[in-house]
Structures are given as structure tokens and as C-alpha cells.
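Labels run A, B and C following the written order; every chain starts at residue 1.
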Amino acid sequence: MLGGIIETFQRPTYPGLVWTHVQLSVLATVLGVLISVPVALAVRNTPLGAAVAVNIGNLGRAIPSLALLALVFPFLGFGFTAPLIALTALAIPPILINASTGLREVRKEVVDAARGMGLSEGQILTRVQLPIAAPVIFAGVRTSAVQVVASATLATFIGGGALGDLIVEGFSRGDNAILLAGALSVAALAILTEVIFAVLERTFTPKGLKIAQQRRSG
Amino acid sequence: MPTVALQSLQPEFFDWEWLRENFLEEVWPAVIGHLYLSFVSVGIALVISLPLGVLVSRFRRLYTPVLFVTGFLFTIPSLALFAILVTVPGIGIGPTAAIIGLVSYSLLVLIRNVVTGIDSVAPETIDAARGMGLTNSQILLRVELPLALPVIVAGIRIATVTVIGIAVIGGFISAGGLGQLIFDGIDRNFPTLVLTGALMATVLAISADVALLVLERYMRPWARRARGAN
Amino acid sequence: MIEFRGVSKTYPGSERPVVNELSFEVPEGEVCVLVGPSGCGKTTSMRMVNRLIEPSEGQILINGEPNTSMSGTQLRRKIGYAIQQIGLFPHRTISENIGTVPGLVGWQKDRIKSRTEELLDLVGLDPDNYRDRYPAELSGGQQQRIGVARAMAADPPIMLMDEPFGAVDPITRERLQDEFLHIQDNIKKTIVFVTHDIDEAIRMGDKIAILKEGGILAQYNTPENILSAPNSDFVSSFVGSDRVLKRLSLTRVGDLDLEPPNGNAEGLPRLSNQMSLKDALSEMIGAGAERSVVVSGGSVLGSLTLDTIRQLSGKATK
């Protein structure tokens, strides 16, 4: 079994599958950020807008990933674009929810003090709100990224050509080694994503906030 | 594989006729099958998680290993888990493999929420209950679990919505359910079936989410009243 | 100098104004305290000075110029702003917090650094110790001091303070008030100070503006005058039925022309010349004495009789 798994890793087509999987995941997550964050910024000062954003996000989170992929398939057919769009749609909800709540959770008196001291709205956003909301936003991107990596497996059904291909192949051939090779690869990518984001999160959490967190839980 | 070109955006793209004719025969059983998969899985997971969660909250040392095992199950891609379960002798394709897989995915969320829920009960409350003469099992049943209920229901909500989503993938191993429609539709190059399955699965997931959210809110009458007082 | 000219504020959709035709002047270098019950518009009025809220009617002039003659952002960089919940930036160090406005208006780094040290000393916190700390590491009282230091950083001639000592216990509050009065003695900024506490108003204010619900100015005068001649039942009851005693707390024993010591000082209560007349009265009544001896350091300055205190309470001194 182990031999079969290693054999699969050594196939010339294997790196290509990994690369496609990574490409889909990274692009979908990045696009998710590029769409969600500006929306969250736009509604940060309107309670109604923010509530709508969060509710849409919560509903979006419930949508099954395979259903999303299946929904784009009839319009865009097989290939790379369809899964990319579906995975982007999947990536949006956690980022939108976290970015929106993160920005709104910046304490009102901090924003009031900043405004009263003479920071312009733009300066308040870049120097106060975003840095303070950064850890929460990052947590959202992290949740999103891991979900996308896992769901990219399903792209195989609409010709996406990622690591799911191995799983399907292993299944239809009755060869568990190939199947496991695919499964382990995805699991490894998912864990790697978690680790990378854990590091990123810690890097981007301003020191003052880390101390405040410690004090609260201490 | 043939590409479905832009010509498919024609009226025949979504075949309403077909849908009206075949709804009861093809679509409705899939909906029932999906509900069956989902509720049975969450039900079994709950039956395992409640006692296990209570146990873990009492014996803290179990928490890490239990989280580890259930968390590990969670990282295995659902497709792979289903595929592997099918090859186990005695299981084969069909709903059983799917249910086993779905149960394992729910365990992490449910156990974690049972433990968190019980933890969230203020020690003073339990102390007062003990002081009033309630036995341990009475405290559990009359104080801890009811107070933990909102958090547990939140866990049930997340588990249910997740399960409804993953159950769609069960169609690959012929577990029935709405996923079956999607896979059949792709195989037969029949967009109507694909879209029907996908849309119904989406509607089902969102409805369950909203319904359980309402239930969750309803479960906190003491918190609701306190908020009302403010 | 700050002037309110017929300033009113009504929120859209609301019938009643929150601030109603407020007109008064704060002379340069003085502390004007806005005080009143909840809903009297004191905070709203203060926030109209730096245009965090815009008036519906009327004008606010600063040194003769309408405060609309420049952008809100520019205006605020020239006015110090300290609020009750402080609002320190949690993600920045203490020195970064303090240096915010100087940085915005383009001070050199060295100048900011030395100014920060100066201010930390001024509010009683050791610069070397606190400079690089974060707000979460400080106690409420310390944060409140940093809030004041931050408001003073760019040395603005005008400051707005909304219950700036509100978030701490009464003992710390009194100390902070004392320290601030001491600072103001030397620096003489023009300050608008908001509080709900009449005692704080009497302590801190050169002038007090008592506001009624609905944002109407009830009385505007020095603490002394308001206490001796409240102009309405509202003001009377707001300052409290112990206003005579409150007035006594405004004067110190040492400020009076004392009678010469009259022979036998035995058994008489000895009062410090720093003591307020109110506390002196309390001591003498407690000791059952008609007369007391006033001392400073070891030496006797004179004596004080209950009669003298009675006379001072009876008339309204200008």
C-alpha cells in the first residue's frame, strides 16, 4: 500500500495536479479577499449595511460546496474557470463576516478619540480601524483558505483537474493506494495552509493587542 | 469530456416540463433521501457526543485526545473518506458509508459545543444547586444541560448545515440524496437535473440554518428577557 | 477665547432641540465647566466646538473667527480632546499615542520625543518606564493621565475635556483634579470641561455654565456667585441645599485676614492655613470651640472665630 502511494507521488502528472490545486485555492482566496474586504470597508460605518453583509455571509456559509460547483457547471462547463468562480463564492462568506464584524468591533471611543484629535476619515481607517481589526480579518481569511483547499478537491467533477482526480481514479480502479495518495495530499495542503496562516496571523497582530488578549485570558 | 457551450443558455436549458413530470419520481425521493441521511447522521452523532461530551467535561484529560481524533477525521477530505469507507468489506456503496462518514464529521463540532456549553455554566449556579441538595445527576439534568442547551443547539445547527452540505458528496458513492441528482445529471449531460439538485440542496441547507437559528434564539428565554429589560 | 452665539442643535426627526440658543463666552486662559443633569446637552455643546457635531443654528467663534473657517480635521488638530472612556489606541505604545497629533502636524521626531517625556513627567509617570508600554498594561488611572497628556501633546491653546477623570475611583479622581489644576495654574489654557458632578464643577471651574434639560442655559457665572445667588429654583436645587457650605469650601483659611492671636491658645483646635473654611467649620463644631488657632509650619498665624465664618456665609462676596 505504502509503495503504491509513493508510486503515485512519483508520477509525472502528480506535480501538475498539486499545482492546479494550489492555483485554484490561492486564486479563489485572493479573489475572495479582494471582493469581501472593500465591501466590509464600505459598510463599516452603517449598522444596517454591516448587518446585511453579515447576514448574507452567514447564509452563504450554509451553501454546500458541491452545490456551488454544480451551479456554475451548466453555465461554464468543464475546466478551470467554473471551479474558480465557485470556490471564490465559497471563500467570500467567512472573510466578509470577519472583516465586517472586526471593523465594527473597534471600540467606539477609540474612533471618537481619533476623530476628535484630528485624524481624517482615511487616516482613522488606515491607522486605527484596520490595524485593530487585522487579527479578526486574518482569522476569517484563514478559515476561508482552509475551506477552499478542502473543497478544491471536488473540482474534479467539473473537470477542474486538481487532487480530487486521484481520489476519483483510485475509487473507480479499486486502488486504495492512489486514493490515499490523493487524500493525504489534500490533508497535507490543508494543514500547511493552517500553519502558514497561524504564522501570518501572529505577525500581523499588533503587539499592543496581543498584550491586551493575554491580559484578558490571563 | 464534451463542454456545455453557451448554446445551453437557451429555454431548453432548464427543462421545466421534465421537472413537472418527473418531480415525484426522481426529485422528491432524492429530497427525502437527503433528509434521511442528514438527520440520521446528526442524530447518531448527538447520541455519541452528549454522553462523551459530559464525560470529557468531567475528566479534562480526555479533552485533548478526543479533540485530536475528531479533528483528525475532520481534515480528511469527505470525498476520500467516503471512497475509503466503501472499500471496507461489509459496507460497500450506498447510504451506510455516507452515514458513517457524516457522523465522524459531526463529532468534532458537537463534542466541542457540549463541553463548551457545560463549561459556560457559572460554577456558582452549580454550587447553589448542590447546596440546595440536588444529586449529581439531578444537577446535570436540571441545571447544567438546560443552561448549556443554547450552545449545544448552536453546535447542532453547525453540524446539521455541514452535514447537509457534505451529504451532497454522498451522491458519488450512490448514497442517494440530492447529490445523486447532481452526479446523474453530469453523467447524463442533463443540466436540469444538475441545477435542480444543486438548488434544492442550497435551499435545504439555508432553511435548516435559519430554522435552527430561530430555535437557538428561542432557547434563551432568560437571556431574551434580560436583554428586554435593558 | 471661545464664544457660543445662539447655538442650537436639533436632530432630524426629533421635535425638541438638544441644545437651545446657547450663548456665552469663555475668556482666554479660563476653565469653563458645562454642568447639568442628563439630557442637558453639555456633551453635545462641547462637541460642537471642535465640530464633531455641527450646530443646526448659531455660530461658535474661536478668537473671533467662526470655527467653520477651516476644515474640521484641521480645527481638531489645534484643539486638545480628552474623553471619559479615554480611547487610547490599544495597538500603539504610550509614546506613540501621545505623539499622534504632533506627528500629524509635522513636528520633528526629536521634538516629539522630548515633548512626550515632558508630558509623562507632567502627569506623574516615569518616562523611561512608561514610554514603550501598551495601554493594556496600565491601570485605569494611569490611562486617564495618558489621555490628558495626549490631549496636551501639541500644546493646543484650547482643550475640550468630557468627564476626563470619570473612569476612576473618587480618591484617584480628586488627585487627578488637583494635579490638573496645578498644571493649569502654570499653563493657562482655555478649557471647556464637561461634568455631571456639581462638586467637580465648583472645584475645577473659573466659570460654570449650568444647563437645563433641553439644552437651555440656566446660569453662567463664577462658582462663588452661583453659590451665593442662584438665579432660579432649578439652579438652587441643582447646586444642592448645602450651597452655603459649598461656598465655604471655595475659600482657604489662609486667604483670610486673620485676627491676631488672643492670649490663651490652650485647648483650642489648631487648623492648617491650607484648610478650607468648610473643613474649619467642621473641626470647630466637632471640638465645640468658638475659636481656633491657625498655624503654618510650626508658627501661629492668627486665630479664627465661628463668628467670622458666620459673617462670611451670610453675605455674598463679590
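Basically, a residue touches a chain if its C-beta (ideal position, glycine included) is under 8 Å from a C-beta of that chain, and two chains touch if they have at least 3 such contacts.
These figures come from a predicted structure and were not determined experimentally.
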Neighbouring chains common to subunit B and subunit C, by label: A
Distance-maximising chain from subunit A - centres being C-alpha averages: C
Chain whose Cα mean lies nearest the overall Cα mean: A
Which two chains share the largest set of C-beta contact pairs: A-B
Whole-Å gap separating subunit B and subunit C, where each centre is the average of the chain's CA atoms: 61
Whole-Å gap separating subunit A and subunit B, where each centre is the average of the chain's CA atoms: 21
For subunit A paired with subunit C, centre-to-centre distance based on mean C-alpha positions, whole Å: 52
Subunit C partner contacts - residues on subunit A that touch it in the complex: 107, 109-120, 123, 128, 131-132, 206-209, 211-212, 215
Complex contact set, residues of subunit B against subunit A: 1, 3-5, 8-9, 13, 75-81, 83-84, 86-87, 161, 164-166, 168-169, 172, 178-179, 182-183, 185-186, 191, 194-195, 197-199, 201-202, 205-206, 208-210
In the complex with subunit B, residue positions of subunit A that touch it: 58-59, 61-68, 70-71, 73-75, 77-79, 150, 153-154, 157-159, 164, 167-168, 170-171, 174, 176, 179-180, 182-183, 186-187, 190-191
Subunit A contact footprint on subunit C (complex, rising order): 47, 50, 52, 73-79, 81, 83-93, 100-101, 104, 134-137, 147, 150-151, 160
